[in-house]
């Protein structure tokens, strides 16, 4: 069995039921998917701002470590900034970890040759562009396209959202040379399939991509014991030291 | 069910039984794995030379197309040069295709931060280095290490082979900063696990990696219909034209 | 004397007379230029598709090796994908080999500072872009411009073709910063000179460029014995082994 | 007057007196330098681990925002990982922010042509290398050299430390082509001047570099009103929203 | 005290009074700023052409060396091509040297994340783009925008100039993703502040930036003795040899 | 006929006879080769220092322009720094210009896959490395190797020189993966052929390479009128303006 935790690294559970349903629809038969938000009462409900990412970082690494202690095989950090990805891989000793940007870019560059990423606001682009380059995909990304909607507007105005994403995608395909689209915010969920049919190119839902990528990483772990290298960058802190910080 | 064909793009079936066994050991429960070599009588038994790659290219794309007609969900082209990968994705209309270098590098750069690739001979390095950069992983690969063995020597001298791979890997880890090892020839099969245990870092068998990556691509295809974009580079030739060439 | 073979790696000789005339017009006095197509009866008449490139690869390397045996000093592989270039250099032991993309980019980056490449269809761009980067000219190429014509339409509709190329070139110069144009398909022959006059920037006919570059490589070979390094990537297969494959 | 806060983003004030003294020695006449650590009782005393960086991120951005409210003109985040640099620039509305890696690399690439960075442990290199590339200095850094000492050993074993740094620097100069050295951990303070004299090349103390760079940024702010762009990546969250998180 | 010489590397002193005023307005209290042009009678009055840069190179390095002999602490070479920067650092033994492109790009990439450079004519872009990449900032520069004005038109038609710069800047911000503007010609002086106010993003006057950067480099030199490395690329010629060339 | 001028941009004619002989040995039949040094009495006899390059820049562009007026078809600037290459192309209206680093790298990357450059002193490497990247060959150059000899020692100690170059080349081949050698100083002339025979890889004499490359550029000019683009970076100054500077 594969036990996978999807952490919605925000202080609201508003998306959790829909996400749970989505994960259960698309999961492998023997996967047990769970989804949690951050549970303290006051904290950001979205991570559009990098200072909000900073605020939730300790909660993410603590929740990741707790997941490992609870016996999860993998954790997904559910934000397209891939917040705290390296720290989470470091704190975890055996579990595999992934996140939406990393996962959807590995998938998209395998399936297509030129990716366009549809984001909520221009604000997001600098950090995301940095991540894209960091992962090695700088020359594979044709463009970022902003739809100028806040994270919480996507699901509130689904028609408007779909129209804007479609129009941004068409521009990416026709003007920027993209042959594959990545939805660069996990809150753009529930929309990829119709759009994919309409556009005739793969449209990657990044949250779903991260979850499916996690399943495949668990498979590699369980069968071949291929997991994160613990030699250098991902070497975990000593347990005794960690205990001082209530891990 | 996932039907996957592993093409050993060489004119010998000497490795096929061992490969079949390996794939059956590591496959998902509902995967049906098959392995074939190229079946004409005269042709290269290894692809160390790029002119040999050229010689087998038509056979590869024909075998790939045949696999699609036979109902396979995915094909793996089993050589670390990833010979004819783009052409194979083009000729196939629905099937997903992958190959060892691509697959093992996507996996290795997810699991570690600095990869070393252990190859058979120096001769291989220029084309492989080119592929590594093409995929976007140029800055993730710390070094190529050659063990100076021909492809068919690996399985004939297993002890010598293991010793050389181990020694090259240790040098990569200690001198080049590698934290993960990729075995850069599919003929280095059957060796990763012991080595992994000894070195304490993940050691990726590239043929096996390609097969497992194919399983995960089929999963994405079957669940979300994410498959190779057919918009531009991978657009298939018109069927009528193909018929002229006996496809 | 310099004996140079121009291989039109397609199964039609429709362009050969015009090419022969072009080569004879522009060749050095002491060059003997010959042009051949692939001679089997069924095979692609154009290489727009990468699977077609795969189909003709063995014929290319065999024709290249035959050319060496016939005493040619150089061979040009006449397609802007530079199909089988590395394999051809490997199979050949003494002859120099070049191809249109490589040759025209070396020339164009010496003559100008920002190149635009005019291609037949968008379909071609991914592989060509990959080649451009592979040769080191990624940052010298301002843009690819597609004229949306199939390879065999160029010579059938010469006026339409010239108009589209001119218009694409003007856009490259005015919007993309190009100061030099490369005609990124050998079938765009017979057009560069008028266009060059009109645009006021150099316009490189890529087939012609490859032929002239071959002449200069032969010169280097004959005078200084500078030829392809046979140490690693271009090391030829052992002759005995080659004989098994009817070389 | 320039009011500058140096945040030692760790839960110990063990270095603060020495740092204060250093800053006061090297500051401009009209600069008022202050230094603080993180003040909660339990938390990491070093940031060697990326999960420790994650733990202190909220404290950093809160302390930065507090500094702005207290009227500081600039803040330095005193760790060579440049932890939370983007988030801190975002949360601050008027203050300028810098950090040791950024500052010392801007300075070193102005003063020399090939930089070597002396770090405490191999563990640090992957994240630091990522930052170096992110800032644009990937091709300016000749090498990272590890002295295999933990952060808190530097000041406890000053002689051993100096010897190891000198020996690593010599190797960088002689083998890697470095012509300038950066001390890639703020805890390597108090050592640059003697080493500089001995080696005959500039040796940049990165904490000191960040402080002096901050002074120059304040100068630019006060004279020309050149400060962090608040248009996109560094745009601050809305004040009302921030209030909910006790800023 | 900091003695800084600003060399206007042209054969006219038409800008010198305005520059002097500008430097005195923005300098640190204890800085003594001086400005000189090249003093021979016949020579270029602008450096738009690279052959004009070549013509003034000896005068620049001679003036730089003279400045060092006169006791200056720093010299600024006042042209956005950063003409003779490396040679000037080499000839100088103790003085620090900087120039507008280098200085404004270090500053701009610290303050913003995506820079646009407003230049006089398209002609300038190739060499400037080359310099941008050379300094490591290739991926930080969103675009070059030309206002199609000659160097000496800027100050003659101030309104027209301001309008064109504003319009180019707006296009850079809205279409190219720029969040910071650099005025890529020192003759665009006297315009940054109004524009900055209007656009709401930092606008860097590159001549001024170079002067202020020089002040900060002198500070580093005076306090920590951090200066140009004299080990390799910047190693000065032997004094005896120099004497032969009347230095 | 092809009239080519080789400018030895130094104030000594000590190499000219040998160079003349070399050019006449290797030239095409219908080439007329001439060689000149700079003719004023006091000036550098070598360009090891970048300030010396600066000193001779006006003389180079003036000599280049004079060559054009004298009816030369091409000029070679004979120093591996490719001093004043862009300025020379700009000042010339019809002539083609090349230089040793550019020419030998275009040739070497066509003939081999991984180049090592043998230079006189470490001092030269930073500027040369910069040029290599500028031309696009950064990833094709495996290493720079210094033989620690001054420019004028090469011909004075030919045996010592050959031994050092051979030993540096062997190290490049065996340790750095080079499969082709470039002699990165024109004063290393007269040595390539023996070395080439001994090493079994092409050894490119860079002065000779530039001369032969010039011949091929003239060929392109004479036959197809392909010459330097005069649209932007290489646009010549207005003739009237030039007259003021005694051109």
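For the reader, a short list of remarks on this structure follows.
By written order: A, B, C, D, E and F. Residues from 1 in each chain.
We take it that contacts are C-beta pairs under 8 Å (C-beta built on N, C-alpha and C of every residue); 3 or more make two chains touch, one makes a residue touch a chain.
What you see is a predicted model, and the numbers here were worked out from it, not measured in a lab.
Equivalent interface to A-D within the set B-D, C-F or E-F: E-F (over half of contact pairs identical by residue number). Comparing the centres of all chains, each the average of its CA atoms, the largest separation from chain C belongs to D. The best fit of Cα atoms from chain B onto chain D calls for a rotation angle of 120°, in steps of 5. Between the Cα centres of chain B and chain C there is a gap of 30 Å. With each centre defined as the average position of its C-alpha atoms, the distance from chain A to chain E rounds to 44 Å. Note on chain placement: the centre of chain B and the centre of chain E lie 52 Å apart, centres being C-alpha means. Looking at chain A, one finds that residues 113-114, 122, 125-126, 133, 138-139, 177, 179, 232-233 touch two or more other chains. Per the contact rule defined earlier, chains pair up in contact as A-B, A-C, A-D, A-E, B-C, B-D, B-F, C-E, C-F, D-E, D-F, E-F. Within the complex, the chain E residues that touch chain D are 26, 28, 96, 98, 102, 106-107, 109-114, 135-140, 173, 177, 179-180, 192-193, 196, 200-202, 204-205, 208, 212-213, 215-217, 219-220, 223-234.
By the touch rule above, chain F contacts chain B in their complex via residues 113-114, 139, 177, 179.
Chain B contributes residues 42-44, 49-55, 57-58, 60-61, 84, 86-88, 90-91, 122-123, 125-127, 130, 133-134, 232-233, 235-237, 244-246 to its touches with chain C in the complex. Only residues 122, 125-126, 133, 138 of chain E touch chain C when the two sit together in their complex.
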